[in-house]
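Read from first to last, the chains carry the letters A, B, C and D; within each, the first residue is number 1.
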Amino acid sequence: QEKFDIGYDIYFSGNSWSVQLAKEFEAEAEKHKDTVEVAYTESELKADKQVSNIEDMITKGVDAIILTPISPTAVIPVLKKAEAKGIKVVLLASSIKSDDYDALVTVDDVDFGKAGAEWLAEKLGGKGKIIALNGISGISASDDRWTGAKEIFDAHPDIEVISVVDAGWDYAKAKVAVSNLLAANPEIDGVWSQGGSMTLGAIDAFEAAQRPLVPMTGEDNNGYLKRWAALEADGFTSVAPSKPTWLGSEALLVAIDLLEGKTVEKNKIYDVPMITADNLGEFKRDDLSDSFWANTRLSDEQVRATFQD
Amino acid sequence: MPRAFPVSGRPKEWRPPMFEGSLRSNLLTSLPALALSALLIILTAYMSPNFLSDSNLTNLSSRLLPIGLVALGEAMVLFAGRIDLSVGAIMSLATAIMALTSASLGWLAIPLALGAGLVCGVVTACGVNFLRINPLVMSLATAAIVKGVTMLLLPSPGGEVDYAFYDMLFGAERLLSAPLIMSLIAFIVIAVVMNWTRLGRSIYAFGSDPRAAFANGISSLKIDLVVFGMSGMLAAAAGIVLSIRILSGDPLIGESYTLDAVSAAILGGVALQGGRGNAIGVFFAALALVLINNTFNLLDIDTSFQNIAKGLIFILALVLFMRGKAEEH
Amino acid sequence: MALPAILTNAKPAAATWRALGLLAILLIVLFVFSGRVSMVQVMDNARQAAPLGLIALGQALILLMGRLDLSVGATAGLANVVLAASFAGNMDNMATALAITVFFGLLVGLANGILVVVLRIPAFLATLATSLVIAGAILVYTGGSPGGSIPAGFRVITEGWLFGILPWSVVIWTACSLILLVFVHYSLKGRKMLLSGANARAAQRNGIAADRMVIFSFVLASFMATLGGILLSSITGMASIGIADTYTVDSIAAAVIGGALFSGGVFLPAGVAAGSLILFFLQSLLYVLSLPPAARFVLQGSIIVIALALSNFKKDR
Amino acid sequence: MASLKPANHSPTLIAVSGLSKSFGRNIVLQDVSFSLGRGEVLALVGENGAGKSTLMNILSGNLSHDAGDIRLKDATYKPSSPADAARNGVAIAHQETAVMPDLTVAENVFFGREPRNALGMIRQRQLHSDFTQLAASLGFDLDGRKLGRHLSAAERQLVEIAGAISAKPDILILDEPTASLSSEAAHSVIRLMEQLKAQGTSIIFISHRMGEIMEAADRVVVLKDGALTLAAARGEFSEDDLIHAMVGRKLENIFPARPARENAPVRFSVRGGTNENLPEIGFAVRRGEVLGIAGLEGQGQKPLADALCGMAPFRSGTIELDGEALKLKSPAAAIAAGIASIPDDRKHDGLALSLPIRLNMSLFAITERAKGGFLPLAYERDFVEGARERFSIRSTDMEQPVGELSGGNQQKVVFARWLAHEPKLLVLYEPTKGVDVQSKSEIYHLVDELSQKGVSVILISSDLMELIGLSDRILALYEGRITGEIARSEFSEEKIMRYAAGLPGKRQAEGMEAAHV
């Protein structure tokens, strides 16, 4: 029997989340190696390169294309072409501004932003001065999460966002930024952060400045979960919304269903999984690397192979 | 009539060039890029049946247009012995302007974006000329400012560019597509201007030795305005094409094009020190850059090795073509 | 009037004073806006600027030779990845980890030097190519997710303060600046570098092995970039990909604000330090004023123009 | 102060009055006034750094002046750029500096005046045939298709001159037009000047060669330290007057009196030295001897100088210094062996123009005294200050960048470099190109002084006066071979030129090695 040819575009491999997303896909593909044959391309977070990659997949004549759209519009024309050739298209972890696709598998980043913000607003009793740590302006995940968070904060008139900073999902940048903000502001009551490493940086900046820790939001990467657990005894509180990397494996399953002619739900948008003080223990893995992300379908062996310490 | 006298006994190291004039000696600089792209075409066509399909060739020319335009502008700056590292930022700015204004202004968005590119080029030219700031640094400064402005205008990718533009530019799937024709026109026009007009000769002369050129009556301000202005406009044109290709604006999309543009110009035989090189060579070098990615994808080369492979090809090309060209003031 | 001979050699150039002046102005502005600039805060910024400072020193050495090194950012990033991997979070590995990291750094410098000198490829392109290869190699080696970590014991070099007032990283940075200052301006080899940098052909003709000086400077610059990468790793405590990419452009900007010339023959470590600090305080100013990230680029571009416009102010025709 | 009487002359074309110019605090021109009539030749004379080039650069729009007034054809003239000057009929031939390396000779000559078709495109063929015509009419032996970067110094100079003439200017300015030319070529340029003058062109030329000035100038203007010290018409001045006005005193002996030294032992010899550019060369120099090497431009002088200093080593042959065989594989090896050399192209091969005088001058002085790799700075300062005084190098202080000095003073810096340690052999290649009489004389006496101390000198020069005045013996170089030898007692310009033109010398090649000692 003919195997299905599938093109998978790795949108980025510059941070551990994007790497793990691709690994989840690869692991699933390995399980179905008798039915699918995958050709990989790599877009390096460049929308135009992604367009070219998809064009080349069409040229090669694949049966299905799985991609994480870097821009909400860039791939529309080329996906139309794919559709015209009867190629199935699955969007993974990010959507586009048209319905020229067959399935979407994701968690909403706006909801992600809201989830952390709601927790923080509640924790502060709807009142206080906070700072926000964003990823990179111009990248939709970062902007969408902030949009969601801002909506919540705007609804709480007594919460004042005193500074919004881009720290590139980066520990070091976040630490520098927060150090500076601490020097400039005698009162900071909470930190809304959209990335685990940035929250780590913020914690270290607070400690370096010998200021008591305040409620902060984080994300589900293992390094952060470990630190959070260690600080719980000192009264540190946090919450970790998650964009699970297992979406990668889910995308392949959906693609196979489509190719086999099964009907699938077009927009599969999962709820944002939340790690809270209550279930922290279930996700935190002291025996695994700091870099790994807790919401995964990878086996421990696979995680160890991907992120060696 | 004074009689002829021997000035040099017998020039030993030098023989007359194969062709006449500096024009021909410039044309020869295109050969390596021509060879490289020919090699890639033959290799890929041999190994992949889809390579020569109409749709793939159309795709290639669509990709050639933006990198070709921006590399062409960069080459003009390099001909004059300057360098422009702001082209990528200008491309992003142009995509932002298109995304924000094409809905309301329609076609007028295009001259607006081109004008913005021109202004950026003029700013760089003025810094280089009046403030005597090294072009590399001045263009980096322009790039930073332009990037900031772009991010103020359009903080994240988005906005919308009308689909009609897309149909117009990329709609047809045939070999002689609009992007290919536009690339050819741009390159031929610039090649003619550079080689057969006084302006072109002045740009080469200025790049060759600015002091000597000044002494021969060239105004450095005029040269700077022309080359940086052109480079800004061509970068903006590339940005317009890109915004149509992605149907939106993106404040970061141009970044990687700066080094691509410089690489294409250099691989195309343009000397960093100025005065030498030809638009034709740049055309083939830009083509080679486009072909490399296509080749990687069509031949299924492992993605993680693509970057190393590209770096090594780059080094190999440098070793083959640039050997002995190290700058020494 | 007449300085002792030993001082004329190191007399701060006009460009150094200009850079220091700009830095002072920036500090005053910062003070005015934030209302509280303490010595500790200044030192804390200096501490974090140290990686850039070291990398920019290396860049300045290359500029001294009339070349440009576009691989310093990649080299620092390489140091970050290699150091974290070979440390593996264990302080016992320190000697080996440092040795391996420095070894790779020197290797990059040697490769650059050979491409530029032996194969005579323009430095701009040769170093661009090596940076591409380094970036690719890091991706292949790490698969996109680098492992390892820097043990807390080692992080003292960026987190510890000497006598509680001087961060160790500032001490290291100052020491490197001084050593290079003395080396370039007081040693025979440094003098030969100056001459080769200003006119390689004349230097060669006058018996200086100018080519060897160029290779040497590339190795030294990569070494400085590696040191910068090590300090950076000590700050971050872990490895991440592309973390030092912006340092390439920033190092050029810092060196040039500090008075380095593309035509070679100039080396002003104090100016370079001022340039690095200016770039860093600019960042602080943005946080304090809570300006959008976009403003950072506008300000940074403007300050480069201002710094250089000042230095060219009085040239007449 | 002498001023020019306009009476017995053709109508005034350009009149300069009260012109001043300074660079920073350095006053370069001070209240200079003179005038020039149509169809006249004016020679501008002065020491290095007197301000000649600056004055001409002002007239040609390369520099602007601070005060004073220039009237051209009775209108105020203040050119804003070289292009502006050209529009006003003023053209300048710089001292070989303005040839654009990546354009061909023809493109250089007609730059900005290329023939074009209706579309504004340059007609390449026409351009080159125009050039062939022009070159023939000027009597220049130049290949129009050659790129500027491949030209020799003399060819560059001719390109400059041809370019300026082809603009058909009213006023032609020639800045040291003959400095790089052999004397025969220089004579032709002088004849060309006479021809242009006859056609009504006014010419201002700068030269350090007294013979040319006496021969060609209708008037002279002498500058000293930026001020006018003499302005006179032909017949009103003598060579001594000029020198007096330039230097401020009489120069007794430009050349040192040198005793014959025929019996000294051989110090340095080359036998059968060959490389790509030298077919075969052999000669020997005695201890303390000054060996002149004469030849027309491009007969192998440069390859010979390069081989001797190790830049382009001999591929085969034997070299001996003080009886020991030697390989001159690199400049470093040559210097280590005690061979010092002064290049002809000081700007590219001799100096780091952006660095201070001190750094340029002191390298060798301090090298051997360095302790543990570090420099003896006090010694360096004393050495540099001493040399500055001794050579009267005109500069603000020892930290002034060498690039700001005039050509002659730059040359002195190159010379001074070798003073700290006497070399065994000193190779001079056009050592006084563009150097004024005063400095020339100083350099000659210095060479003599060194040779008295036993330093052997090889003097490669196109200046016959210099060769005759300074050498103990002269060899003629033709097509990369030694074609003749002339003993001091037989020196004459005519004889040297005969040999240099490749005509058979007194002794033939077989006996050469013995004969040349």
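Just so we're on the same page, a contact is a pair of C-beta atoms (placed from the backbone, for glycine too) under 8 Å apart; a residue touches a chain by one contact, two chains touch by 3 or more.
It should be emphasised that the depicted structure is a prediction, and the values quoted were computed from it without experimental measurement.
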{"item": "Target subunit D, source subunit B, minimum contact steps", "value": "1"}
{"item": "Approximate Å spacing (C-alpha centroids) for the pair subunit A, subunit D", "value": "72"}
{"item": "Centre-of-Cα separation between subunit D and subunit C, whole angstrom", "value": "44"}
{"item": "Length of the line joining the C-alpha centres of subunit A and subunit B, rounded to whole Å", "value": "36"}
{"item": "Separation of mean Cα positions, subunit C and subunit B [Å, integer]", "value": "30"}
{"item": "Residues of subunit D touching at least two other chains", "value": "none"}
{"item": "Multi-partner residues of subunit A (each touching 2 or more other chains)", "value": "13, 137"}
{"item": "Shared interface positions of subunit B, touching two or more other chains", "value": "151, 155, 304, 306"}
{"item": "Each pair of chains that touches, named by its two labels", "value": "A-B, A-C, B-C, B-D, C-D"}
{"item": "Residue ranges of subunit C touching subunit D (in the complex, touch as defined)", "value": "4-6, 8-9, 186-189, 191-192, 194-195, 198-199, 201-209, 261, 263-266, 316-317"}
{"item": "Residue numbers on subunit D that touch subunit B, as the complex places them", "value": "62, 81-83, 86, 92, 94, 97-104, 106-108, 111-112, 114, 116, 120-122, 124-125, 127-128, 136-143, 145-148, 150, 152, 154-155, 158, 163, 181, 184-185, 188, 191-192, 195, 277, 296-299, 478-480"}
{"item": "Partner subunit A, residues of subunit B touching it in the complex", "value": "50, 53, 55-56, 59, 63, 66, 151, 155-158, 160-161, 163, 166, 170, 242, 245-248, 250-253, 256, 293-294, 297-298, 300, 302-304, 306"}
{"item": "Subunit C contact footprint on subunit A (complex, rising order)", "value": "13-16, 18-20, 22, 137, 162-166, 170-172, 175-177, 179-181, 183-184, 208, 223, 289-291, 306-309"}
{"item": "Subunit C contact footprint on subunit D (complex, rising order)", "value": "23, 63-64, 309, 311, 330-332, 334-336, 341, 343, 348-355, 359-360, 363-364, 366-367, 370, 373-375, 377-378, 380-381, 399, 417"}
